[in-house]
Structures are given as structure tokens and as C-alpha cells.
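Below, chain A partners chain B and then partners chain C, in two separate complexes.
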Partner chain A sequence: MKLVEISHVSKRFGKFLAVDDVTLDLSGGEILGLLGANGAGKTTLIRMVCDLIRPDGGQIAVTGRPGYMCQTFSLVEELTVHENIRFYATLYGLGRQTVAEREESIVASLELGPYRDRQVKFLPSGWRQALSFSIAVIADPPVLILDEPTSGLDSLSRRRLWKMIHAKAAEGTGVIVSTHYLDEAFYCSRLAIMNSGRIVAGGAPKDVASTQQDLLGFFR
Partner chain B sequence: MIEAEGIRKHFGSHQALKGVSFRVEDGQIVALMGANGAGKSTLFDILATIDSDFEGRALVDGFDVRTHPKDARARIGYVPGRFSLYGDLSVTENLEFFAGAYGCRAEDIETLSPCLWKSLGDFTHFRADTLSGGMKQKLAICCALVHNPSMLLLDEPTVGVDPVSRYDMWKEIGTLRDKGVSVLVSTHYLDEAGLADRILFLHEGETLLFDSPEHIIRSYPHRLYSLPCSPAELPQFEAALNAEPGVLDHYLWGDSLHFTADASYAGTPLCGRKPSPVEPGIEDIFIDTLSSGRKRL
Partner chain C sequence: MMQTTGKARIWSVVRKEFRHIFRDKISRLLLFFMPGFVLILFGYALSFDVHHHNIQVYNPGYSVEGERLFARLEANPKFQIVGRLTDLSEIGDAFARANTRAVVVYRADGVDVFLDGTSDLLASNEDMMIRSVLADFFADETRQILPAAPSVRYIYNPSMKKEYMPVPGLVMMIFMLISSIVLGTSFNKEKAQGSYRMLRMTRMSTAELIAGKSLPYFLISLFHVMMVWLACLYFGVPVQGSLLLFFGLCILYSVCCMSLGLLIAAWFDRPLDVLVLCWIVLFIPNVFLSGFVFPINSMDEAVRPVVEFLPGTAFITAFRNIAYKGTGLPENYPFLLILTVETFLAFALSLIGFKRKVPR
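The block that comes next holds the complex of A and B.
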């Protein structure tokens, strides 16, 4: 079953055609990597899938409410780790008992115990992104959408986040993820490369490009 | 030239910098590496005269950043990690604002940074907050260059920037170096660190390494192997690596796994696949150094 179906979707900002007749789908357990130059339309497409902006043309069907991690940190900087988890879990409509259980499991898996009462603005960005990710999946969304989740992360934090992404996909979650790290393209099960609002190449990473250097060709 | 001697900085009980010393010569690029939270941005704020509450000494072209901040500031171009632009001003207005603050002419950017400024050409009337992340970063660098500084401090200038634009930015950084500008630049793209003359590696506020990329690579202590592996095969391959005697560490590497081993590992096939020995890159060094030295937060 397809969890996301995007058919012939377009979006215009004034004269600028940000997304141009894009058709894509996503199945459970799949990790779809969105690659492309700055301004290629990745974020606009992602925001339409999350129903944050409406397409001008075409249709998007999404199963359930997607978990979404946006480029700018999606945590409340002034709140503590504990308060952020409570705040978002409540927004997602989780019951009190479930919230408490989820908080325990997030804090344990990220080893955040000693920092539970620290404001998230004082956490290093590697931990913030991992927390942000855990909150995006707190309500077990069937679809998970990650917009450049590893931007600004160091090599180890980046790999740790990818392990979390792989673990979610193994549970059957469908994942759409954008990135500028070309090595990360090969951590995806399928790629869609965007240029000037259109999908210019797609398929299994190995079929799209045999090396990272080859991938660069699609950006020019 | 930038000279830092024994720089220490506390935030309450937390020691962010524990005696950091280094030097960026004229016409040299030093890449500042370290995990998130290593103290990189703290160091930038000190060198940029924004934070004067520290121990030790920092000189910019001979001017002490604490006693002669104005002289130091006139020689520094600083692009902080957080965006330094005014979102509701246009691209041109941002540049004019920074030029005005330094008492110089905005038009000079056309000779100071022709490539970067030209790449913003179609967007000069766009409000800065409507630009893509990569465009914002290019504009921030132009604003930091408009007063023709002899020192450039770039705190993660390529975050969120696509691979081709990153290449363009580094070409520009190289041109500035060739003109004699001292550049201190932090980055998490380790292919970029390899382009620097020296790498300063901070870990929890301490200097772990300060050397040329070539020397750093040559001093790598392990044997390194690459094993092709698709995402679906990961759990199986990781289990095999964990069970293999002599294998020290393993991590994702694009369409493969990289793993380090000591002399007791003889290159035997894993899950029916033969690993191939590979030369380490800066990213392998980074991961090795951090994995062996990393403590909690």
C-alpha cells in the first residue's frame, strides 16, 4: 500500500515556479531521499506533503498525520527536554500514561537522563536533532518527513541519526528525507533528484549514480 | 595573522575552552573541527571581539582583541553560525547596511568577491528571508567581506548549502587566501577540511590535533577496510563485524561500511564478502578520534 501519493503537483510563488508537475509515491519501510541544489523545490514539496501549504495543481494523498522535522529546530528553545516532550506529546493527543512511557523511552535511548531539566537551547545540536527526531515519531506516525535533519551535525551525530532513521523504516514507517550530504544518498532505499522544481532522476541509489561524484552532475 | 594563546572560557561551572593555542598565518586557511559542543563557536565569538570575558590572549594582526577591539574589528570579517542578516531588508540593502557600518562602499564587493556576488545577481531585490539557505550564506559572506578584511572568521558557512555551491564558496575562500587573507573556518563537511592548510581539532574545549591534513592522515594508527553493504543488509553485517576478532570499530560510509582493525584481523571475508583495504580520509580520522575520546555531552 502507498502511504504517500503525489500526482502532478505544482506550486508557484509569484512568477517563480517552485515545484513543477511532480509525481512521486512512498511505501511503508521505504526511505525516499530528496536531493537537489538550494532552491530546487525540496522544502516546498515537503511542506505540501505536510499540508502546510496548498499545491496550485495536482493531488497529494497521505495516510495519517506525518511526523515532521523541519530545517530550523522544531523544539521550543526556552523549554527543557522534559517540557518539550510533554508539550509535543500533548499536541499529538497522547494520553497521560502514554506520554510518561514515551518520555522514559526517549530519555533512556538518547541517554538524556542528566539533562532532562536543561533548556534545549543549552544542548549541543547533535542531541537537539536526536531529540527533535524522537519527538517527530512520538505518536508513531505512518509517514515521517525530515527536511535536512543532519545539517550542521558532526560526523558521529549524523550517523547516529541515520541509525534512528533506519530503525524506524525497519518498523514499517515510510520516510522522506532531504539532505546535502552525498554519502547519505546511499543510506536511502530510493532517490528523487530535483532540479528547478522537477524530478530529473529517480530510482535505487546505485541505479541513479554509481559514485557521489556522479550524483553531483544532477546539481548543475 | 591570528594568534591565540592559552584561551580559557567558563560558562558558570562549565569549562567551554580549556587553554587553546594556535596561529593562523597570513594567507593560510585553518579548518576548525570538532563535535557539536566542542567549543568552536565560543572561540569564534572571542576572536571576533564579541566576548571579552575569557582568560589568555588573542591577537589579530598584533592587536589584542580585549584592549584594542576597534582595531581588531576593522581587520576581521565574521560570519557567525547563526544568520547575521536582516531578513526584511533586500540583498542589496543588507550589503549597503554592512558597508555603511564599516564606512566603506557597497560597490566594492564587485572587486572583493566577484564570484559570490555575481551568483546573487538574479536575487538582489529579494528580501533576505525569502532566500534559500545557500543564498543566505553567500550573502552573509559578502557582507563580511565588504570592508576588505585581512582576517576571515567563518563559523560553519556551508551548513545547508548544496554541494555545487559549497565548491563555489571554497573556490572563493581559496582566492582570498591567495590574496594573503587569514581564514579560520569551521565545518562538518570533512572534504572541506582537507582543503585547508592546517586543521585545528577541538574536543570538549581542548586541542586534540593541530597539523596539516597530510600529516594527520599519515599518523592514522589503524588498518582501515571498506565493505560494500546496502541499507537492508546493515543489521546482518554489523552483527558479523561485532563478532569478528580484531575489528575495533565500524560505521556507515555511503554504500559501504568502513571498519578499523588491528593486526590480528587477516582480511577474512564477512558474510561472504571480501573487505578491501582503503586509505583513511579526514572523516575517518575525525570518527576515530571522537569515538576514542568521546564522553557524555
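The block that comes next holds the complex of A and C.
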């Protein structure tokens, strides 16, 4: 079953064509990597899938309400770890009992126990992104959309975040993740390489790498 | 390798700065719109020189001298007779309902002048001008009948306390600053941080998000309203009218300011944009055009239609009416209506803005 179906979608900002006739789909358990240089149209496409902006043309069908994590740290900086989890969990519509259980699970898995009552702005960036990720999946969304989640993270934090992404995909969640790190392409189960708003290559990472001799070419 | 000179580096920064200025909306607004706006405002629209002092007259004995005095007053371009009283008991209504600044009563044995004391600056000015006309009149025309010096009474503020005039304007400014700027920048801080997009991805509707973000500021504004009331008591300007109506006015104005702050936050992304625009679009016009600093009657006819619909004007006028004159809803509903309509309009437009525009 397809969780996301994107059909001939386009978006223009004034004279700039940000997304040009893109068609994609996503199944459960799949990690679809959107690769491309800055300005390739990844973020615009992701925001259309999230229904944050409307496409000028084409159609997007998404199963359920997607979980979302953006490239900038987007939790409420003045709230503590505990308060952020409670706050977002309530907005996602979780009941009190479920919220408490999820909070315990997040704090345990991220080993955030000693920092539970610390304002998130004082956490190291790797932990903050891991917390953002945990909050994005707190309501068990069928689809998870991650917009450059590893931007600015050290390699250890990146690896930890990718482990979390894989764990979620293994549970059947469909993941769309955008990145401009080439090495992260191989963490995905399928790639869609974007350039100037269009999908210029796609498929399994190994296939894309073998048929497109120089992936770097798309990033120029 | 050739090195750049200091001159070249300076020119490079100059070019960069000009490009920044011409490409940044707020810089363009501040550097090109603001000076013109302020020059027009102060040079053309604003003046301390009041053009028309609306007065009413009363001549209980229907004396010829009294009518000649009123004709002399009317001949003065500074005065405009907007009504005639038929009984002395109508004085209260004349001040409360009509936009009357003074009532001149001609008696056989003298002249009584009643002045609106809610603005001590205007009242002193009017006192001086009316005395001057009376002096000229009695000197020129009625040498046989020389009544005693006019008795002058200040309605609403008999002891001419200085605190009466600034209080409504200060309250207007405080609410404008707190309610619009703080709420607006709070929204745009979330936009800048990215948490706004996260919130939009939850089950929350835009209206719920606005309500949730605004409610704390609204509750804090209730505290501010109480502070205003206590300040009125402290400054010795107690509320003469209905306290309920007074609180209602303050709350409505505060909500109106919040809606205007939201409106700006909805269509502009950066917290700095909200700050600058709140100052330019809300604060400066409302401070200078609302009758707080410059009397509305002194303003050019061309800006009057704008002035009448400013939230600050509606608030200050209704504040003076309720707190000082003790008038009720029938006299003040137009001002409350202006504030209500502007609140709903600003809220509706901000709702559209928040729905349509997600920060890039």
C-alpha cells in the first residue's frame, strides 16, 4: 500500500520554478531519500507533502497525519525536555496515560533522565535533534517527513539519528528524508535525486550510484 | 598578487550596503517612507493651533446684547456655534453628547463660561480666547452695560488637575505597545525558530493556534486593565461612569491591539519586521493622530477621516467620555463599534495570512 502518492506536482515562487512536475510514491517501511544541492526543491516538495504550502499543479495524497521534523531545531527552546514532550504530545492528540508512557520511553531511549527538567536550549545539538525526532514520531504517524534532520550534526549524532530512523522504518513507517550529505544516500532504501526542481535520477542507492557514475554532478 | 586598497574595500562595503537597503523591505520603508511620512505628518497635518472650537450658547433673557455677543463669537474663525441651549440644565448633555468644548451663557448681569476640563491645555486656550472676544465685545459695543468679569467653570475637572489629560493617552500607548508588539513578535519568534511549522503539523487548526497563543496575553492584559484602574485612582482621576463599561472598553482596545499585532505577524516573517511595523503603522499614527498630543480639531481636514477611525482615537475619546464625563453606552457605542469592527477585520485578515503564508 502506498502511503504517499505525489503526482505531477509543481510549485512556483514568482518567476522561480521550485518544483517541476515531480511524481513520487512511498510505501510503508521504506526510507525515501531526497538528495540534491541547496535550492534543488527538496524542502519545497517536503512542505507540500506536509500540506504547509499548496502546489500550483498536480496532486499529493498522504495517508494519515505525517510526523515532521525540520532542518532548524524547532522545539520550544524555553520549555524543558519534559514540558516539550508533554506539549507536543497533547497537540498530537495523545491521552494523558499515553503521553506519560511515551515520555518515559523517549527519556529512557535517549538517556535524557538527568536532563528531563532542563530547558532544551541548553542541550547539545545532537540530543536536541534526537529529541525533535522522538517528538515527531510520538503519535506513531504512518508517514515521517524529515527535512535535512542531520544538518549541522557531528558524525556520531548523525549515526544515532539514522539508527532511530531505521528503527522506525522497521516498524512499518514510511520515511521521506531530505539530505545534501552524499554519504547518507546509502542509508536510504530508495533515492530520488533532485536538481532544479525536477527528479533527475531515482532508484535503489546502489543502482543510482552505478548508473550515475558521478553523483556529485547533481550537486554542482 | 595585487592587493585591494582601503578605498576599494570601503567602496565594496558601500555598494553592498546600497544593495541591502534597496532589497530589504523594512530598510526601504524606514529610509524612504518614514521621513516623508513624518514630514507630512508634522508639517502639514499636525498643529497645536485648533481651527474650530465647537461652542454652544445660551441667552435666557433673549437680550439683543447677548445675540450680538454670540454673533461676535461666531464671526471669530476659531469658534463655531454648534447649538443653542434652551435651558441651563442642558449643559451636561451639551458636553456629554455633542462635541462641545465650551458653553457661553449671557445673563443681564454677566457672562458665564463653561469649559470642558478633560483637556487642560485646550481648556486654558479656549478660556483665553473667549475672554479676549468678551473683552473686545464689551469695549466696542456695550459701553453702557459693563458686566462683571466672566465667571469661568471647568466641567469634569473643576480644579484643572494636570493628570486628566495624559492618562488616556498613556494607557492607549501602553496597550498598543504591550498587546500588539509583544504578541506579534512572539508569533514571529516561533516562525524564526521553526517551532511554528512544527505546531502547524499537529492536529491544531490555525484558529486554535492563534487562540492558544493569544489567551495568555489577553489574561495578562486583564491585569493591565486593573493596573490602569488603580493608576486612575492613584492619580486622582477616578472613573465617573460605569466601571463595567470602562473595563469593557480597555479590554476591547487591548484585544484590538492584539489583533493588529497578529495581522502584522501573519504577513511578515521576522520578529524585527513586526517590531518596526508596529512602531510605524500602529504606534506613531496612534500617538500623534489620536488627539493625545495634538488636538483632533487642529488637524487638517484631509486627515480627519483617517484620524476618526484610528483605534487610539476611538479609545481616548471613549476613555474621556466614560471616565471623566461619566457617559454611558448610548454616547460611546460608535467608538466601541469602531474598535469591534477593526478587531474582527484584523483578526480575519491575520487568519487568512497565517493560513496562506508559511515561513520559508
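The working rule: the second predicted complex is superposed on the first by the 216 of 220 C-alpha atoms of A that agree within 3 Å, B and C clash if a C-alpha of one lies under 4 Å from a C-alpha of the other, contacts with A are read in each partner's own complex, and residues count from 1 in each chain.
What we mean here is this: contacts are C-beta pairs under 8 Å (C-beta built on N, C-alpha and C of every residue); 3 or more make two chains touch, one makes a residue touch a chain.
Predicted model, so just to flag it, every value in this text is computed and none were measured.
Peer 1: Should the superposition on chain A be reported as showing a clash between chain B and chain C, or a fit?
Peer 2: With chain A as the common anchor, chain B and chain C collide in the superposed model.
Peer 1: I want to verify the contact counts: of chain B and chain C, which reaches more residues of chain A?
Peer 2: Ranking chain B and chain C by residues of chain A touched puts B first.
Peer 1: After the superposition on A, what does A:164 contact: first (chain B), second (chain C), both or neither?
Peer 2: A:164 sits against neither chain B nor chain C.
Peer 1: Is A:91 touching the first partner chain B, the second partner chain C, both, or neither of them?
Peer 2: A:91 contacts chain C only, not chain B.
Peer 1: Check the residue A:52 against both partner chains and state whether it touches chain B (first), chain C (second), both, or neither.
Peer 2: So A:52 only meets chain C here.
Peer 1: Which partner chains sit in contact with A:110 here, chain B, chain C, both or neither? Use first/second/both/neither.
Peer 2: It touches nothing on chain B or chain C.
Peer 1: Thinking of the overlay built on chain A, is A:127 touched by chain B (first), by chain C (second), by both, or by neither?
Peer 2: first
Peer 1: Just to be sure I read the superposition right, which of the two partners does A:148 touch: chain B = first, chain C = second, or both, or neither?
Peer 2: first
Peer 1: Pick one for A:74: touches chain B only (first), chain C only (second), both, or neither.
Peer 2: The answer is second: A:74 touches chain C but not chain B.
Peer 1: Find the residues of chain A that appear in the contact set with chain B and again in the contact set with chain C.
Peer 2: 71
Peer 1: What does chain A use to touch chain C in their complex?
Peer 2: 47, 50, 52-53, 65-77, 88, 91-93
Peer 1: Show which residues of chain C lie in contact with chain A when the two form their complex.
Peer 2: For chain C paired with chain A, touching residues are 190, 193-195, 197-204, 358.
Peer 1: What does chain B use to touch chain A in their complex?
Peer 2: By the definition above, chain B touches chain A via 34-37, 81, 132-135, 156, 159-166, 188-190, 231-232, 234-235, 251-255, 283, 286-287, 290-291, 294, 296-297.
Peer 1: Please name which positions on chain A make contact with chain B in the complex.
Peer 2: 31, 36-40, 71, 111, 114-115, 123-127, 148, 151-159, 162-163, 166, 169-170, 180-183, 185-189, 205-206, 212, 215-216, 219-220
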